[in-house]
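Before I ask anything, let me first share the structure, which is written out below as structure tokens.
The first chain written gets the first letter, and so on, giving A, B, C and D; residue counts start at 1 in each chain.
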Amino acid sequence: MTTPLANYLIVAALLFSVGLAGALARRNAVLVLIGLELMLNAANLNFIAFWRFGPHAERLAGLMFVIFSIAVAAAEVAVGLALVIAVYRHRRTAQLDRLDSLKG
Amino acid sequence: MESLVKYVWIIPAAPLLAAGVGALLPAGRRRLGAGLAIGAMGVSFLLSCAAFFTTLHPGRAACNFRWFEFGDTAVPLGWVLDPLGAIMLLMVSLVSLVIFVYSVGYMAKDGNFTRFFCFMALFAAAMLGLVIANSLLLFFICWELVGLASYLLIGFWFQKPSAAAAAKKAFIVTRIGDLGLFLGMLWLYARTGTLLFYDGGHGCLEQLGAGGLAASTGISLLIFCGAVGKSGQIPLHVWLPDAMEGPTPVSALIHAATMVAAGVFLIARVYPLMSAESLEVVTWVGALTAVFAASIAVAQNDIKRILAYSTISQLGYMMMGLGVGGVAVGMFHLITHAFFKALLFLGAGSVIHSCQDEQDIRKMGGLRKLMPLTFATYAVGMMALCGVPLFFSGFWSKEAILDAAHHWRVSQAPFYLGLIGAFLTAFYMTRQVCGVFFGTPASAESGHAHESPPVMTVPLAILACLAVVAGFFGTPAWPWFQSYLEGGRAALDLSKIAAAHQLPILLLSTTLVFAAILLSGWIYLKAAARTSREMDPLEAAQPAVFACLNRKFFIDEIYDATVVRLTAVFASVSDWLDRAVWGGLVRAVSWLALALARLDRAVDEEVVNGGFDACTETVRGSGEWVSRLQNGQVQRYLRIIGLAFCALLVLLLWGSQ
Amino acid sequence: MSRLDQIFVLTGHWLAGWAPAALRPLASAVLAIACIMAVFATCFALTTLAERKLLGRMQNRFGPNRVGPCGLFQPVADGVKMLIKEDIVPFSADKTLHFLAPIVLTVPIWLAFAVLPFGRNMTAIDLDGGILFFFAIGSASELAVFMAGWSSQNKYSVVGAMRAIAQMISYEVPLVLSTVPVLMLAGSLSLNDIVAAQGTYAFGWLARWNVFTPWGLAGLFLFLIAATAESNRSPFDLPEGESEIIAGYLTEYSGFKYALFFLGEYVGLFAGAGLGVTLFLGGWHAPVKGLEWAPSWLWFGVKFAALIFLFIWARATLPRLRLDQLLNFAWRFMVPLSLVNLLVAAAWYWTGAWPFGGAAPIRWVLCAGLFIFPYHWLGRALRGPLPPPRKYSYAE
Amino acid sequence: MLNEIIFLLCASLTLAGAVAAMMLRNLVHCALCAAGAFAGLAALYLQLDAQFVGLAQLLIYVGAIAILIVFTIMLTRGDEVRPGASIASPLWWVGLPVGALVLACLVGAIMASPSLLRLPAGAVHAPVRKIGEALMNRYVMPLQAVGLLLTAALLGAVAIGLREPRDAESKTQ
């Protein structure tokens, strides 16, 4: 616990690493997607923290970035999960290691 | 005039549009096709009237625009509105309109009705475009379009071999003249740098004011070549009688309003270019043609052929008029001739139509009672053509030509040739009328003839009126036409008819005409009871001369024996040259090329391909090695990305120190 | 400000004054929470009774009338029964989630009351983005429903939960969209500001409640329909449709946990009604000038009760929908219509700048027309073609 | 003091939720834990005075994305735990060091950063009105782009998720 900013940044780093490790270690596509979401959220937390501790908080740049990032994440999740469902319908599995065919 | 000239382009554009739309119509839409063409022609006619009335105030307006440019050279096109063009516009659109209406009746049973009107509209559009053209280039384009349309129309019944041959002949023969026109055009462009007629003082016709054109004799003679081809002058007249193979309205259109008039109009349009020498040539060619064609007409038996030779002859008169008397004289005869010749052709069409497509006058006769209206209008046309005095337009226009010829300073010969032509004209026309309308029917078809429907007779009546009235605009007593073209004002002065220098010529030609009519009438009315197997009275009297005339002075045979044979010989020589000499050369080159190619192939296969194969093997091998990284396991990608991220971070943070 | 109007505020200050200065904010917060919970828990009890009695009246029978005077103690008896019932957890159930689900459902719903203004100066937390808070908190209930259904490991429960989630997600869209015109015209997300925006009087006597505008009236009805669906009440009560799937996600719950779900459902309804009052019915404002002497919380309560009555009435009147009808109704009717309502509100705002006199009726007719035509078309499109006449193959 | 306790609570909720989401066997538990992590993050945002973002995070991540994930798990039968089946990917032991390496790098970078000495710049107020004005003025183009993106994503998700008619036919046969 050095300074407040460092706390948030380290929490974000931990969250990011947990997400990354999960995305690397789990088999299920949905969980990999959750891991990616965690990484994205870690980045968002960084933005908010830097906005809060930055010198130009009134410009709202960090906040705006997070707002757009959340919107984009929503779109990404919608499409990603639709893809998972479509793949599952075709292959009867959502296990990533079984989905390595590069041809339709 | 300035305001109207911007819209003059609509006059040819309307029938052109009708032709374009008509070409897309299905064959069954007959009423629409005809209505479109006639409606478009009506629009053109109304606009032509408007254009004509604006030109009553003397002046000339041109509207030029840039068509395209290459390099520094711009090619301008444009149209012009002046009295010469306006009167032509009026005549062409009016006659075309009347002929269109007539065609509705004449072509009623034809299966390709829609196509016919499409071609007719194209024909009229091309002619109208030619009339308004202010550039020799645009003129030439329309000129060729006229040729194309005439080809299509003469060969309209292309199932008949004779029609197909006639269309081809018309196209090729006129093309010989067009070659001259094209050369003249190029020469003119080389000398003046412009092909615009009028361009605010820079047009090719306007540059002549300052001293004239050095080469204008050559240029004008070349241009005259085109007119000779189009207007059927000696020696390129051979296509015109054959053009009778087309439907009769087409013949009427070709002979009266459009095609043959184009040549005369060309000379009238470029009249400032014509030097005295070339005008002499024009005069001589015209005078010779007039007599030559008239004499052939005497011995013809086909009703349309007689009219065709008469057209050639009258065109000769027009050329002669242009040569000796200027634009006004020639153009006046062109206009009057357009009306009565259209009338005569349409009348002949009416006759042919009612006689089940019979064209031989020896098989006709006695139609006067069966087709009274046709007879009456035909008689008006015949008298106008013969030049029966005072009340018929042909008289006044021919008198103007003869008068001008009489006063020609170079020679009196054209004048006498003209007189002979007038005599012959009256003779053969009387012969024709006697053969067709008097006596008794010589065949079953003519016996069952009947009057044509109103859609055909009404145009005849209109044209008959015009054939009478048109003459009064150019009498010596009231030379309105001449002053209109020259921008002056005419005054009525009856005493001029009786002027000392006019009267003897008037009387002389009148006497000749009446003598010819009486002579011919006496010969042929007496023989009107003959059957078709009997010989013509003239033939009985002078078989050799008649045969010569009947075979058109053997011109076609001469051409066959000389020009065509020569061409054929030349073609076979060319063929031999091509096969033996050039072919051998080409074969030698090809062997050489083949040998080189073999060598090349060897090099290619051994050296180049080998090298490439080695390269591609390497690339493929490395590709295979790299592709092992991309095995579809997305988590492996993510792993690599994570490692790469670490490497990047380390590099960014600590690498720079 | 009359004493009566501020009686709760003043009492709260007085009570918090007893606490040490450092803990005073905490004390007032606890006080507010306690008040809200007490009041609305009582409301819950009374509403269950009122509902049963009203339903009875509407169905031509007496409601509960055995326990206490006029059956007034019926809720107490029910509560005691619930508490002393055995808490059964199915053998194969996911015990943790089965336990957590009612809590996750109930807690956020209570939190939602924090931003509602119950009267003048009577807002627990005046949040800048109050309505956003309301919806954000409310979204947790979907997860709770899923937890309840899935953890029971019962096919009926899972189906019921899935139905409930599909329905709640679908109706959340028109619910939020129907509130957007209000936010747009008030220019704020704060519920206090929205109430304040409705506090003036038109023509000198009629309050400018949003419901007195075309878009407000339409918005109120859209909002009420969506809120009914959100709280899984009749006619949108398929997730618990007892004739089809027993009791949906509640099947495996009993005793106190069931009571919590029951409570959560009603409190959610209260929250919706409170938000409706705040957004469309002028909050705690009096309807006409001259009635301000009545305390503001009383006005809120009256309107609140009216809306609750409306919900009960609808439950007694309307039959249950089929699932496809329900979803079609949401996506093909409610969502487009609430978007149209947004446009109508924009038109209303725009025509508000019309300077000429007599603009008000034109404005009204224009905006009403803008809404009524899409309403008509969408309604016809929703109904679809009539089914073919029924054929009786064996009856004759 | 109070702030730090709240921060510790929220951070531990977030991290615990994240770790649990990545480690639990049952996918439904994972999804719910992830929702908990998202909620903890929302609390962190709120603590950082980012009220709007925090509430939006709650509304979107907990209210929408978590529900979507749960739905997907149900549709792909991810909730059926097969005893004995591995939940980890074949090379899972490579993933953990990579994650640890990234963490080390990140922490190293954070600790080396000069911006750590910054202190919170007084009371930061980001009212919704200001955010709205910024969205409508300076950030209006990104806003439009995001609207377009969301529409496209909606259509794309529907298009992908729709059952192909050919597929349905072959099922019925």
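We adopt the following convention: a contact is a pair of C-beta atoms (placed from the backbone, for glycine too) under 8 Å apart; a residue touches a chain by one contact, two chains touch by 3 or more.
As the structure is a computational prediction, the values presented were derived from the model and not from experiment.
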{"item": "Chains touching both subunit C and subunit D, listed by label", "value": "none"}
{"item": "Pair joined by the larger number of C-beta contacts - A-D, B-D", "value": "A-D"}
{"item": "Cα-centroid distance, subunit A relative to subunit D, in whole angstrom", "value": "5"}
{"item": "Whole-Å separation of chain centres (CA-atom averages), subunit A against subunit B", "value": "83"}
{"item": "Centre-of-Cα separation between subunit C and subunit B, whole angstrom", "value": "91"}
{"item": "Multi-chain contact residues (two or more partners), subunit A", "value": "20, 23-24, 96-97"}
{"item": "Numbers and ranges of subunit B residues touching at least 2 other chains", "value": "635, 639, 642"}
{"item": "Multi-chain contact residues (two or more partners), subunit D", "value": "52, 56, 64, 71, 89, 94-95, 98-99, 102, 106"}
{"item": "Chains touching one another, given as label pairs in label order", "value": "A-B, A-D, B-D, C-D"}
{"item": "Of subunit C, residues touching subunit D in the complex", "value": "94, 97, 127-129, 132-133, 135-140, 142-143, 146-147, 150, 158, 162, 165, 169, 172, 187-190"}
{"item": "Subunit B-facing residues of subunit D, complex", "value": "89, 91, 94-95, 98-99, 101-102, 105-106, 108-109, 112"}
{"item": "Interfacial residue positions of subunit D with respect to subunit C in the complex", "value": "26, 28-29, 32, 35, 39, 42, 51-52, 55-56, 58-59, 62-64, 66-67, 70-71, 74, 79, 127-129"}
{"item": "Residue ranges of subunit B touching subunit A (in the complex, touch as defined)", "value": "630-635, 638-639, 642"}
{"item": "Residues of subunit D touching subunit A in the complex", "value": "7, 11, 14-15, 18-19, 21-23, 27, 30-31, 34, 37-38, 41, 44-45, 48-50, 52-53, 56-57, 60-61, 64-65, 68-69, 71-73, 75-76, 78, 86-90, 92, 94-96, 98-100, 102-103, 106-107, 110-111, 113, 115-121, 124, 126, 130-131, 134-135, 139, 142, 146, 149-150, 152-154, 156-158, 160-161, 163, 167"}
